[in-house]
Amino acid sequence: MVDNSKSALIIGAGIAGIQAALDLGDMGIKVHLIEKSPVIGGKMAQLDKTFPTLDCSICILAPKLSECYRHPNISLYTLSEVQKIEGISGDFTVEVLKRARYVKEDVCTNCGDCATICPVRGVPNYFDANLKNMAAVYIPFPAAVPPVYIVDKNSCVYLNYGICGLCATNCGAEAIDLTQKDEILEFENVGCIIVAPGYGLMEDVNPLTKYGYKKYRNVVTSLEFERLICASGPLDGHLRRLSDGEDPKKIAFLQCIGSRSDRDQKYCSSICCMYCTKAAMIAYEHNNDLESYAFYIDMRAGGKGFQSFLHRGEDEYNIKYIKSKVSHIDIDEDESPIITYEDLDTSEIKQIKVDLAVLATCIIPSEGIDKLADVLGIELNKYNFIKTDPFFPVETSVEGIFTCGCAREPMDIPRSVAEASGAAAKAAEVIKGG
Amino acid sequence: MGLADIKTFENLQKDVISVNRCCACGACIAYCENQAFNVIEMDNYTPKFKSDKSVENCKECGYCYYICPQTEPLLDRLKEAHLVKDELGNIIDIFAAKTTNAKIQEVGQDGGIVSTILTYLFDTNNIDAAIVSEYDDNFKPIPKIIYSKDELAKSAGTRYSISSNILPLKDLTQVAEEIISHKKRIYDSDQLRIAFVGTPCQCRAISKMKLLHIKPAHVISVIIGLFCFENFDYNKLIEILKSKTQINPSNIKKTNIKKNFFVTSKEDTVKEVSIKDLDEAVRNHCHECDEFVGRFSDLSIGASGAPTGYSMILTRNEKGHSLIDSLLATGYIERYIIPADQISEWQPKKINWLKKMTSLKVKK
Amino acid sequence: MSEKIEEDVRIGVFVCSCGSNIGGLIDVKEVAEYAKNLPNVVFTEDNLYTCSETGLTQIKNGIKEHNLNRVVVASCTPRTHEPLFRDCVKAEGLNEYLFQFVNIRDQCTWVHMKHPKEALEKAKEVIRMGVAKAAKLEALENIVVDATPTAMVIGGGVAGMTAALSLANQGFETHLVEKANELGGKLNIINKLFPTSQDASELLASLKKRVESNPNLTVYTSAKVKNIEGFVGNFEIEVDQKDKNIDLTIGVIVVAVGASLLTPTGKFGYDGNIRITQYELEDKLRNNEVNAKDIVMIQCVGARNDERVYCSNVCCMTALKNALIIKEKNPEANITILFRDLYTPGTYYEEYYRRAREAGIVFMSYKLEKEPIVEENTIKVFNEYIGEEISISYDLLVLSTPLIANDDNKELAQMLKVPLEENKFFLEAHVKLRPMDFATDGIFICGAAKWPVDITESITQGYAASARASTIISHDTIEVEGATSFLPEYNKSLCTGCEICITVCPYKAISKNENDEIEITQVLCKGCGVCGATCTSHAIIIRHFTDEQILSEIYAFGGI
């Protein structure tokens, strides 16, 4: 058949990067999948359920993670970042920095003894939206791929002070090697690059204080809420208020936080309308007495089955949709959030007190995208997402480098998956078509 | 078998314990027992291996040595982290204050500040517990974890012999279970917040543990340091007091130092003992200590330099400073009003005074 | 309960918590304990997520250490996870058909959320049944067939052309079938494209040129698919082009037949003259025929109501685009857009909306319960802000109507043996993770045929379908499921030749050969079991669902 000797290099192993890798791998093309964090799966692994099917997110993702890990054509490099590229479409050379994991990937049995004996406490677990802490040697979540622990070099006492080493000396498989060093990997004969770094969180760069985030304990972001209702999250799936541990009976979901705004981001974050309804539905499943309020400007539900999903929310899950613009949040003596908003149906300024407020924060370009764009030589648009032409949607400004998913614009999982396959097709055209 | 070049408990014995430099803070045991390694214990204020087998079972991780307040290695990094440049450490503000709470005034030492701070922290639900020191029936200081301000009364006042305040943390898991069962808010034992009150050497150990972010010190949310000139060995102190005052330890109502040592019995008899007579009872490690005000804490509190009825307060960082600010703002404590003609020289004078006290202590 | 201990059968049972989906309602440890005492079970284990790498390793270790020759996993649904677990046991040297899936989530904890005690008992029961069947399972071989490295794309609109070009560029012989007499689909109707305002004809011309000049790509216009036989890798397709018959052997099929336009007869006074649809407006704008001064556009006409629940995605942007074109040509024009929720998601589209507002286009919202009333020269609409009805005069009314499914979708769906959803759009295998695939192997879907989408997404989906199709025809062979129906030699004498099985088979997999014997083409069979169930002589056997296997489950349930 055609010559498949050229490989494809995919930057980012969220659902988009994984889908592109699987498609190319299934086509018989060799794939190098490069991921900055120690595990693959991206944001989708952090979700509880997905809309509109209410599938358990990790349940539908885990088989894909495993497939990636075991695929004969896919080589996975975690804790890795692209530093430099040279060459042109059809023949790139890529230099990758692979950071030390300090654990031997082919030896670790994922038993967790190291994390049990490590005395370090208080390392925030990014996977749990920093709601839970972990030791200096950890794995972000139980179903993680690769199923290998990681030593956090910023909090490891041995790496910083030269003492301890308890994990290494007590590992039954002798898998921990605290002398590991970062290494530089070089990939030649790379036909195409697909850049799929996903998105970043607004709350990481903006304190959102007028909504009380980080000020009031009962104001949380949507990702924190996902972790709080997720069975593998800090509360084991039993939703409670963070201030007093009580069950919330009224939850407000505030859409368009930091988006469609002159003060923050002008654009629409696209997925919040749907995921707020989803989050309210999941919360209702846990507690049938729950009253949910969704504050929105325009309800955006154009995807397949999305409008019916919203109707279900209203009819079966006790969600009230309030067309409004939210001004700010205060709290009362019980730390219950009080939301001041303009009701757009009646033009009145109103207030409502709830037990818990969930902020649907705007999704922003991935952290480090400036540096990545620089390295790859691709252009970013004025919102700092990867620039693409609407009629050449997966092509970047550099030939042979393709993109997909939230790296170029906020979008939901079905679109990300479709775009990933799309980018894979373009890559295949270059690699197989010559 | 640990990694190479890491000092272990055997080194600790050689460098600190067997040469009488140990201050019996309990840090080494608190860490090791918290890890369930089960190899060392406190025996009459002396840390030692539980048995011969324990020597083999030691994990040789080195933490006992490095967190010990009396060892060198982590000191430079610790000073950096706490912005310590001189003998008094980083000072944001220095002033005198006293409690406004009548009950605390009755039982408190001097300004009653520490008890008031803990009361405030409990009242505002900023802590779940506090480590303090109480006297048992024989006037022996016992470190204790208390869970409400109602338990504060017994811990007010100065302790005049060693209280191994860090030791209770060895049972942190049990402590945690007890608190978590009453507080629905806490879903993870890491969320516990415990206030620590201790002498400079003890604060140093806690601060070293927090520098490394290791348990059990991760639950300590505020470190309240006390001024300390010297401390006594309990057994020796009681022996000397009994022979000089004929008051039994079980009959002691109160003690305090003002130039000399005063003992008040339960029948309200007051006996005075010369400080020089108590020299023999001073713990050896105190002779080598260079900290008077305790530099590795969020705030330091003591009587020295304060007007009668007040305590001196040094705030060292944002946490300690805003805590005291809150206490002032809510009226839990009130500032000493410096007479108008003394305002400009008051702070420099006090700083010099404290430096003098420190050098006195070092010269001893 | 009589225990029939099968010789040499060693069953391992793995009970999954599925996070809290199962474990949150029932005690999986208790269930695993219970399974220990079932006949032939030598090993049990419970996992948090059996499908995770850790869980799969535990299965493999279990097989190794306990010499298992049957594996039962009690967890979620075979729909999503059967291939994963089958691959897992295969990797450990066990035939993948010696694996039995028991659903204790979708069919147990999820549907009995309010009855945890009963759900626990049910979980035990279904596992008992699964274990009994597992003892009766037999090793089967998959069927390997050749894959023809050719593709057919049905529908020559923007999605179809994109998919066809991509496949051709990858080196596959590609056939593009279009029923109209020219390529382009809706691109022929559209005037300008949002959000760039370039001419649709430019994009169309560029696509057409690339399509027509590609050596791997053959285009058939005025052509319709008449019949489809065969299966993935080996479809035999008859195309009718102006009454000429063309037979093609095709490896994979991509459906890109697009959607149709709705004529809003009877709604809002539609007359095709001064009350027109957006598409009729496109035509008028292209011919420079719009001279109106007061234009009103109504969104969601015939959409997002009881008749048609869905949002058609493109209408809001189309309205904005056309409004801006009119406004730019005639800055004095008064344009009002009456909307319910404005659909301009993402970065570019939200920016476009701002542009429209800044250009002076007026936006007024209305509710479904109080639709605007269209009169001869004015429209009356209730406005929430002032709490009163407003009258807007107009000389051109434009109705934004949704894209609807083609009338002939049903016919094509039946030919392909693929499903349609309630709005008659094609239904993909899984909305989230397999958006371009049909459940039927070898057939893919993209563009507005699946759901209303704009040009950008049509293009993306065209590429995506091509990638998915390519994963199949990039290889010389395809493996097909071995759990099929067959008529064994020893049952041939039972067959009465009634031919009911031929009639009922939905996949046309059964036929009579030249010796007048019933023949079941294995590679066409999907193992649905209808033939076996209807065979009056019980001659047909369904592999992996034999009478003995199914009866063993029933007996196990009944406690026999």
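For reference, chains read A, B and C in written order, and residue numbers begin at 1 within each chain.
Following the convention adopted for this analysis, a contact is a pair of C-beta atoms (placed from the backbone, for glycine too) under 8 Å apart; a residue touches a chain by one contact, two chains touch by 3 or more.
Remember, it's a predicted structure, so these values are computed and weren't measured experimentally.
Ranking every chain by how far its Cα centroid lies from the centroid of chain B, the top place goes to C.
With centres computed from CA atoms alone, A is the chain lying nearest the middle of all the protein shown.
In this assembly, the C-alpha centroid of chain A lies 26 Å from the C-alpha centroid of chain C.
Centroids of chain B and chain C (each the mean of its C-alpha atoms) stand 69 Å apart.
Chain A and chain B have CA centres that are 45 Å apart.
Shown for chain C are the residues in touch with two or more other chains, of which there are none.
Per the touch definition, chain C reaches chain A in the complex via residues 18-21, 23-24, 48-49, 51-57, 76, 80-81, 83-84, 87, 91, 113, 149, 166, 169-171, 193, 195-196, 203, 304, 309-313, 341-351, 354, 365, 384-385, 387, 421, 425, 430-433, 435-436, 450-452, 455-457, 459-468, 470-471, 474-476.
Of all residues in chain A, only 117, 119-123, 132-133, 136, 155, 157-158, 161-166, 168-170, 178, 234-235, 240-246 touch chain B in the complex they form. Chain B meets chain A in the complex at residues 1-3, 5-7, 31, 34-35, 59-63, 65-66, 74, 77, 183-188, 190, 212-215, 218. On the side of chain A, the complex with chain C involves touching residues 1-2, 23-24, 26-28, 50, 52-53, 55-56, 58-60, 62-67, 69-70, 110, 142-147, 230-232, 236-237, 260, 266-268, 270, 285, 298-308, 311, 323, 344-347, 381, 383, 385, 390-394, 409-411, 413-415, 417-426, 428-429, 432-433.
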